[in-house]
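As written, the chain order gives the labels A, B, C, D and E, with residue 1 at the start of each chain.
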Amino acid sequence: MNTIILIFIIFLGGAILTFLAGMLKGILKEVLFLASVFVPVVLFFTNISIGQTFSFQAAGFAFQWGITPLSYVFALIVAGLGLMAAIYAVSAMRNKDNVSFFYFNYILTIMSMLGILFSRDLISFFIFWEIMTWSSYLMVVYQGKDVQTVGIKYFIFSAVGAYAMLMAIVVIYSLTGSMMIDSLIQSFPGFSFNMQLLIPILLLIGFGVKSALMPLHVWAPGAYSHAPMAYSSVFSGALSKMGIYGMVIVMVSLISHIPGGHWFREVIAWLGGITAVMGTLWAIKQDDAKKLLAYSSIGQLGYIIVGVGIGTPLAMMSGLFLAVMHALFKGTLFMVVGAIERQTGTSNLTEVTGLIRKMPWTFLAALFAIIALAGIPPLGGFISKWMLYESLIGSNHYLLVIVIFFSSTAAFLYCYKFLFGFFLGQEETEWSHVKEAPAMMVVPMLILAVSTFVLGVFPGLILNPINEAMQTLGYANTQGHLWELSIIFNEWGNQIAMQPIVYTIIGIFLFFLTFLTIKGYKETRYVTTKDISSSGEVPKEHENLTFSMNFMQPFFRAVEPLMRRQIDKYYTGFANGMEALFDFTRRIYTGNGQTYAMYVVIFVVLLLLFKNIIFG
Amino acid sequence: MVGSPVLLIAIPLLAAFVIPLIGMIWKELVRIIPGLVLAYMLILSATLLYYVSQNGIIVETIAGWQPPWGINLVFSPLTGFLATLMSALGFLVWLFSYRFKRNVDFEPAKKYFIFLMLLIAGAIGIVITGDIFNQFVFIEITGISAYALTAFYTGRNSAEASFKYLMMGALASSFLLVAIAILYSQLGTLNMADIASKMHTMNPTYKIIALIFFITGIGIEAEIFPLNGWAPDAYTEAPGPVGAAFAGIVVKAGVYAIIRMIFTLFDIPSAYDFLIVIGLITLIVAETSALRQEKLKRMLAYSSIGQMGLVIVAFGIGTHEGVFAALFLMLNHAVIKPLLFFSGSSLVFNSKEKQIAEMNGLGKRMPLMAAFFSLGAFAIVGLPPFAGFWSKLSVLSAAANEGLLLIIVLILIVSVIEIVYYFRVVNRIFFQEYSREKSAAPHRPRVNALVAMFVLAIAILVIGFYPDAVTGILHNASKDLLNTDEYINNVLQLGQSLTR
Amino acid sequence: MDDKLFEILEFGVYGASILLILIGLYAVLTKRSLIKIVIGMSIIDGGIHLLLITIGYLKGGTAPIFSPGYEEAAGQMVDPVPQALVLTAIVIGFGVTAVALSLIIRLYRHHHTLEIDEIKRLKW
Amino acid sequence: MIYLILIFFLLILMLGAAVYAVVQKDLLYAVIATGVISLVLTAIFYMLQAPDVALTEAAIGVALTTIIFLITIRNTKRYEDDYNKKDNLKSPLK
Amino acid sequence: MKKFLVILILAVLGFHLFAAFSGLGFGVTRFEKGVKDFYLEKTVSELHVANTVTSIVVNFRGFDTLGEVTVLFLAVSAMGGILYKRRHHAGDRSVLFSSSSIVRSGSKLLFPAIILLGVYIFIHGHLSPGGGFQGGAIIATGFLLMLIAYENFSVSHNTLSYIESFAGIFFVVIGLLGFMNGGTFLQNFLPAGILNNLFSGGVIGIIYVMVGFKVAAELTGLIYTILHEKD
């Protein structure tokens, strides 16, 4: 049997079996769950080769599944992160209600993401896209909090995006008579200008929703923070990358054929830039670590979109590389929050402090991930950001550089807030009983964290597949041999000599780390938060004076005008207005039978009066 | 040859007359016989459908007179498909309500089953008859059964709903009679094929007026927008399985009648555009009305009206793809909506007001029902990999092929609204806390009801995962509808004549 | 003279039946009493029946019944088809009226009113 | 000649009865007027050479319909609701 | 205001309705190839039925009639269902008026005559005007008279039900018997007889008698049901 179809059968069968096994006691469902994630992933890594395809016909459409170099890069994210998060989830979800339902949706999500990457035709792309949407939706509402606001918002936005995509798909079908992505790419230059504009816009709306592009991002904070953390790591790490995946195809294969397509790129890149800034700013303001990470995800996705939007070889490479890195470190961070929440019962940065001694391994994972996120060498985040600056400057987007620079500086703030809030600072008696999370949770975190380091030192491991993928997209070979070794010990191609910078940054960072560690271990005065007196005033009993409280208040006073307008409010207003309107219009059903009879007669009379116009 | 199409009508009528007698002997037979009859109808229509797909259209004459003169029944791929669908659904509705009013009086139960059987027989009659006045008679049979079934519960609201339905139904039959009068006065015939063949000789003014009265008359049954005031009330107040039968059977018959008029009888091309417009209005008004609905069944009713609007839009596209999509939608709607009605009415079985708010947290108490309801909700909003997706896709691609982009946009916007209200309910069922005071008490459905729901659920999954299981039949049926000349020839020259 | 009258009669009979339909519709649309509405329905029915019979009428025609010795008289007979239709329609209309009236009785039992605009518990 | 005038007369009678049936607030009278419509229709059907229909209309329209209307009125109420408010003085029964 | 609007709307409706019929002509031969000529011809030459309306109702369009009696059957059942009260106690009859002895004895005198008339009409349905519906309705009128005149006159519900059911069953079974000899549903399988004889027209007469019984039973049951709806 074909391996491709086998993978999906195992996924689907595994999902159903796991769900059914949920009715039984014991660890059968856990075993089944891990097996049904593990086996297909292993099959994927061992038996799937690029170019292998599987075709069939259904409902009058031709279907084709296979993997391309580009989708292989993303499949690496999905498979790797999916596997790690699955191991994490088994432990994290223990003793929760309806675990089998969680497993079911988890497997379906992983399956559908792989399915999206496998799809060579638009129909199966859309089918898997929708399965991904509803399975992730069920995860968002899984914990039962705010389902009617957050959950519905997520689903509405997803549906709007998906339907925009569906419209594009049917228009493409009517124009080309084929559902194949390849035939779309081939015949796209021949479309009329209107269609050339319409199709990418519709597709970008679809992909933009999933990748939390600026005006379409409002679902993300709630959805990311409401899903179980074991899932959020996949949600933010891998699922949002599906939007990026689609965007790469659209930007590279379609938009470059439109006359004046560079304006498109500018707009997308700028939207990405704004997303990055706003996501970062909002992230700093959050006190809940989940929300913080959610906004941070939006911001990071903004970087990726900037890279993809600019579309020069270096920018594209940086975007794809950051996509991989983001999956790794954001996955880790969500897992960290999940672990802390599991051990302490809350994820609020203003409540939990000083866990460094209690949960050292978790701290280590968080540290790696935060460093990677902040873009400090030698971890992976740095490389991608560096490449992004390079490409932006190289393509004369100086204003965008400033924007990105601003947001990545600001990102330090929330990184610091996250790390300090949870792990450093005073050790409260309230959390003295907290223990390290179980090994099954810590190990996946550490693996991911270490891999950020490995990929930072040996970026060639992932840049080579990216390079291949970009070649199939039509880019020139980006000096592939340079990436074989680590960036730190090599020259950066023909760019400026960067060792001094790198070493300086590493030095500062190491100093900072040492300082922090020493401070953390030696100079910590063990008093509770309530004992602090600030400026001689004795604080009231209930006042919360943890470090994270009112973090960077003056900074926010400065940027407040930027943040005052929340797009969310417009959407809510619009939705409420529509509901009120519909609530009003449904009053045509007055309940009076006579009125209904009147409608009938009026209907006839109108038809009779305008019969020549209507039927003429 | 296994039987003739007329048995699809004659046997249920015979059974309806037999049941009162036989009920005096053994009361259980009153419940069993309708089931047997419906099962027989299912088998018969399925076999005939197979026969038709192999050997071509069956034209059955009544009383031995050739079609322009005698009444004839046409069992073609299209009508056969609908008849099979209706009888299958009818059987499931019977199965679901087999133990209905079990512990109450005998009289109402007896009547319930008679009405149900005749409702289905009438709907099948509307579909397979080849004579407009005969169609009118069947519309009345369906109508009166429907009024009676709507008023079946003895509460005050059911009588109100039934009276509204009756008022509209009476207007409908008046308009239909006027239309029949115009056609007869112009063409001197009542046979559909004969009318279709003579239609070009008719003065366009009269033609249009007749069409308008036909559309209004049948439109009331088909729930197109300004004529569907009765529908939400009737769906709400009728027993749950009857709501399913309305959504799955009666409306389909109405839509079929309109479509037959416009595609076959009247040669007015602009009527297709009219179908699109009126379908869109129906779709939009119904779906937006469902958005803030507080009662479950009423929400399902509006949703059902909206779906029918979509079906009419798809028919209005008028191409093979459009008709195919419309039939696919009808099939899916006939599979999904009954599941929603069945599981929904089981969920709120113990509640008095049947409010959506009373469904909070029932997912944990009645997991199977909740799962069925969610499956239905997922399928009807068109999420893959369930049945509704394929039909939505085919509607959209049919519209795109004709370049009707605005329609696609509207359909998709409405789909988003549909998602909102269905998912609000699903959220309530699964992800909100059960409260003893506010939520409905859990109810344990009987085995027969479960079986009925299982069959529908499996059908949804089968169509979703393997749409090719039905597309062949649907393609045949849509070819049949579009080929007017063949219909006329077959009927007037007794294509696959039933003389033995 | 007869022909002239006959021409007027053409308008008269068609006009009367259509007027009957309209009067019935007026009752259905404006009268608030349920019984009046049902009366209106049966007036509409009457108008339509008259319309159908009028369509089938043949000037100087005889009823479509063959008496002994007049087997060849088919040419002078009025159209029997509308009559058959009306026969069916009358009975159906009666059935509908009966159902409507029983519904009214039940509505009155519950609501203690016959005003149609007071019987609207089901709406929106 | 007489025949035609008779038809005219009947038509006018019928329309008059119809208007009366619609306008009359006393439902009993309205129902009787409906019966009169049916009666006149019977005559017209007969004159239009439709004896079968005339017989049916006579039995069903005149007798049975009227009687079930009467029974309904008996079981519900006799007057339209605004009868007592406006047309008090015109009431033939007071 | 509303009334004027309604009148305006109805005026438009009436105008168009009139437009649809005014050009028809009144009392003219309208269509050459219509179905009616075929009916008029075949009813004499093949069915040997004198009353063309009967032959149309029972034979040419017999399927309609089957539907029609079903509608009536449904209406009666529906009334029963709608007016159903759990504690149903028969005998509480609405009294339209308290009948005098003249009315009573008059009714008693008329009753057999009315029944006889009804039976005559539906037996001779294929020969003279009238038939099952008319006869059945007349018989029902007779029962109605008795029910009104005598407060304690009652009809056995079961008997009505039997008659109704058996008549219906016979109708359908006769229809199904049409399949004999390779015929179709409702086809005449008996010898047609001689025109204007009582025993002519094959099954038409039989069916119409069945219809007569059925209609009589149904209408009587209908009146009986609604009469017993006193609160």
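One rule holds in what follows: contacts are C-beta pairs under 8 Å (C-beta built on N, C-alpha and C of every residue); 3 or more make two chains touch, one makes a residue touch a chain.
Please read these numbers as outputs of a predicted model, since none were measured by experiment.
Engineer: Give me the chains shared as neighbours by chain B and chain E.
Structural biologist: Output, common partners of chain B and chain E: A, C.
Engineer: Hop across touching chains from chain D and tell me the fewest hops that reach chain E.
Structural biologist: 1
Engineer: Give me the chains shared as neighbours by chain A and chain D.
Structural biologist: C, E
Engineer: Can you name the chain that lies farthest from chain E, using the mean of each chain's Cα atoms as its centre?
Structural biologist: Relative to chain E, the chain whose C-alpha centre sits farthest away is A.
Engineer: Mean of the CA atoms for each chain, then the mean for all of them together: which chain is nearest?
Structural biologist: B
Engineer: Please indicate which chain is farthest from chain D, where distance is taken between mean Cα coordinates of the chains.
Structural biologist: It is A.
Engineer: Can you work out the whole-Å distance between the CA centroids of chain C and chain E?
Structural biologist: Distance between chain centres, rounded to whole Å: 16 Å.
Engineer: If you average the CA atoms of chain A and of chain C, how far apart do the two points sit, in angstrom?
Structural biologist: Comparing mean C-alpha positions, chain C is 69 Å from chain A.
Engineer: Where the CA atoms of chain A average out and where those of chain E average out, how many Å apart are those spots?
Structural biologist: From the centre of chain A to the centre of chain E is 74 Å.
Engineer: Counting only Cα atoms for the centres, state how far chain B is from chain D in Å.
Structural biologist: 39
Engineer: Would you please write down the residue numbers of chain E that are in contact with two or more other chains?
Structural biologist: Residues 6, 10, 13, 16-17, 21, 24, 34-36, 39, 51, 53, 61, 64, 67-68, 71, 74-75, 78, 82, 129, 133, 222, 226, 229, 231 of chain E each touch two or more of the other chains.
Engineer: Where does chain C touch two or more other chains at once, residue-wise?
Structural biologist: 6, 9, 13, 19, 21, 25-26, 28-30, 32, 37, 51, 54-58, 61, 63-65, 77, 81, 83, 87-88, 90-92, 94-96, 98-99, 101, 103-106, 119-122, 124
Engineer: Could you list the positions in chain A whose residues touch two or more of the other chains?
Structural biologist: 586, 589, 591, 593-594, 597-598, 601-602, 604, 608
Engineer: Got a list of which chains touch which?
Structural biologist: Touch list across chains, by label: A-B, A-C, A-E, B-C, B-E, C-D, C-E, D-E.
Engineer: Once bound in the complex, which stretches of chain C touch chain A?
Structural biologist: It is residues 25, 28-30, 32, 37, 116-117, 119-124 of chain C that touch chain A.
Engineer: Contact residues on chain E for chain D in the complex?
Structural biologist: 51, 53-54, 94, 96, 121, 129-131, 133-134, 137-138, 140-141, 144, 148, 219, 222-223, 226-227, 229-231
Engineer: Where on chain A does chain E make contact in their complex?
Structural biologist: Of all residues in chain A, those touching chain E are 598, 601-602, 604-605, 608-609.
Engineer: Can you name the residues of chain A that touch chain C in the complex?
Structural biologist: 586-587, 589-594, 597-598, 601
Engineer: Give the list of chain D residues in touch with chain C in this complex.
Structural biologist: Going through chain D, the ones touching chain C are 1, 4-5, 7-8, 11, 14-15, 18-19, 21-22, 27, 30-31, 34, 37-38, 41, 44-45, 48-53, 56-57, 60-61, 64-65, 68-69, 71-73, 75-77, 80-82.
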